[in-house]
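Chain IDs A, B, C and D follow the sequence of writing; residue 1 opens each chain.
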């Protein structure tokens, strides 16, 4: 019923796998981040703006902004991998374009180039106000490597 | 008395200014990070490895690793600026070289090229074990911009 | 008459200014690059694939790929600046996504975030075959600083 | 006999292999670059400042600066690989710290973290005047992937 287009969902198996991995990331829970969309090659993570995630001027700290961007990109890559795989960040680069202000941040990780070994993602972070207005506050690029998940 | 060389300290004024700014960063306190050295053009930040800062495998999350690296670089730049200045991260790039394991992480920000408007820092993060053994776990490069501090 | 949409042109003044600057870049002429589109906040540069620009496997060298990407981004920023301004690259990061093969490369620089001092551009480089098929071979992100043009 | 310390050389086999690969890079010859040192995990490349490699102000173009930095890093990694291996640049990030002026540029690629699949290098480029004075003009970080050399 809303005006926003319905976004494609990843398979139930992939969504379950990614949510379980996300729940094991102590940092995401500690920051208050939650995963809000798991599509094929695309993951969204939201972070409420709270005093616990700020820098010295009261905006969200670049480190918190980067943390949700990094996780969004990693999980976007993971949606495209077989079940027994895992993913590690090789490196990323991020530009902080504007003060990370708003009611919450939304990080979007999008697979730009999937690969058997390496995957490259684009990272975007928006500051979202209570009235829904969105502003791009950070933009980045990330390289990930697929690894075999260690047997339990 | 130790074997480690005594490192040069920044001026008392700069150290005070930087510690006050650090104390205003909600994220650093929330992560449990503390500033351990403020030298001219060089700042160290330590982060104890706790469940609150982990990724899905129990290592320190790239986002937490980056957060302390970013803050260390920013404050390293700030040591070289006049009192009424502040600093913002323009961008950074970081390679995660090895799993961020250890008793704690130590991020070191070093000014590579100071400038009137832009400053470039090198970022290093070490995983430090309880027995003192250190391993480079991340390496990065950061661009910062000097801004005039808004009047209070 | 073609299927490709007509792209918006920058002002005649901006186009003239940018072509004159491009003509002063010895490297672009030496590589055989030419500027093929100057739109507001968007510039295209083409580089024919010749033995003079290759790496050891016969593909276009990452350095040549980067050179046209860097110039495309710089001129994209310059289209948005007043006449007496010039632009310098602060830094860029580029991922080489696939072997840079094809009849020629096309680099596209797009302003992502304009600013009074700093501008951030997205960089894309496509390998284009003789039959027109295009493939993304590199993707990057660039930070530029506006400077006053020295009086002649 | 000079004051500059003698730098360690790579094995004759590695030096031969790298010089042969360098000679197949059409771009390096076209730019006028030459390889001046091949040590274990460390390679130097020099580029004379000529009109053919300039940007619009007469300094060496960021693209040429990057090209020799990228090649220096790639060959530094290659010195550590077995004979049947080759190397591809995954990505790099470079800061242009100062106008690339001087009689010639010297790019230095240094392996920071070798690996079975991925290797990370530090890149430095110096502007060198006729009287030998050196100035750091660019600094970067590069990720490389080892590939099996295709059978001839």
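In this section, a contact is a pair of C-beta atoms (placed from the backbone, for glycine too) under 8 Å apart; a residue touches a chain by one contact, two chains touch by 3 or more.
Here the structure is a predicted model, which means the values were calculated and not measured.
Which chain pair shares more contacting C-beta pairs: A-B, or B-C?
Top pair by contacting C-beta pairs is A-B.
How many angstrom between the C-alpha centroids of subunit D and subunit B?
Computed from C-alpha means, the inter-chain centre distance equals 29 Å.
Can you give the whole-Å distance between the Cα centres of subunit A and subunit B?
23
Taking each chain's centre as the mean of its CA atoms, how far is subunit B from subunit C in angstrom?
Subunit B and subunit C have C-alpha centres separated by 35 Å.
Hunt down the residues of subunit B that sit against at least two other chains at once, touch-wise.
90-91, 93, 95, 120, 141, 143
Please classify the inter-chain touch graph. Allowed labels: line, ring, star, complete, other.
Complete.
Taking the touch rule as given, give the residues of subunit A at its contact with subunit C in the complex, in rising order.
93, 95, 97-98, 112-113, 120, 122, 136, 139-141, 143
Okay, in this complex, where on subunit A does subunit B touch?
Going by the criterion above, the answer is residues 21-22, 24-31, 50-57, 61-64, 66-68, 70-71, 86, 88-96.
Spell out the residues on subunit A that touch subunit D in their complex, using ranges where they run on.
Its residues touching subunit D are 90-91, 93, 117-118, 120, 141, 143, 145.
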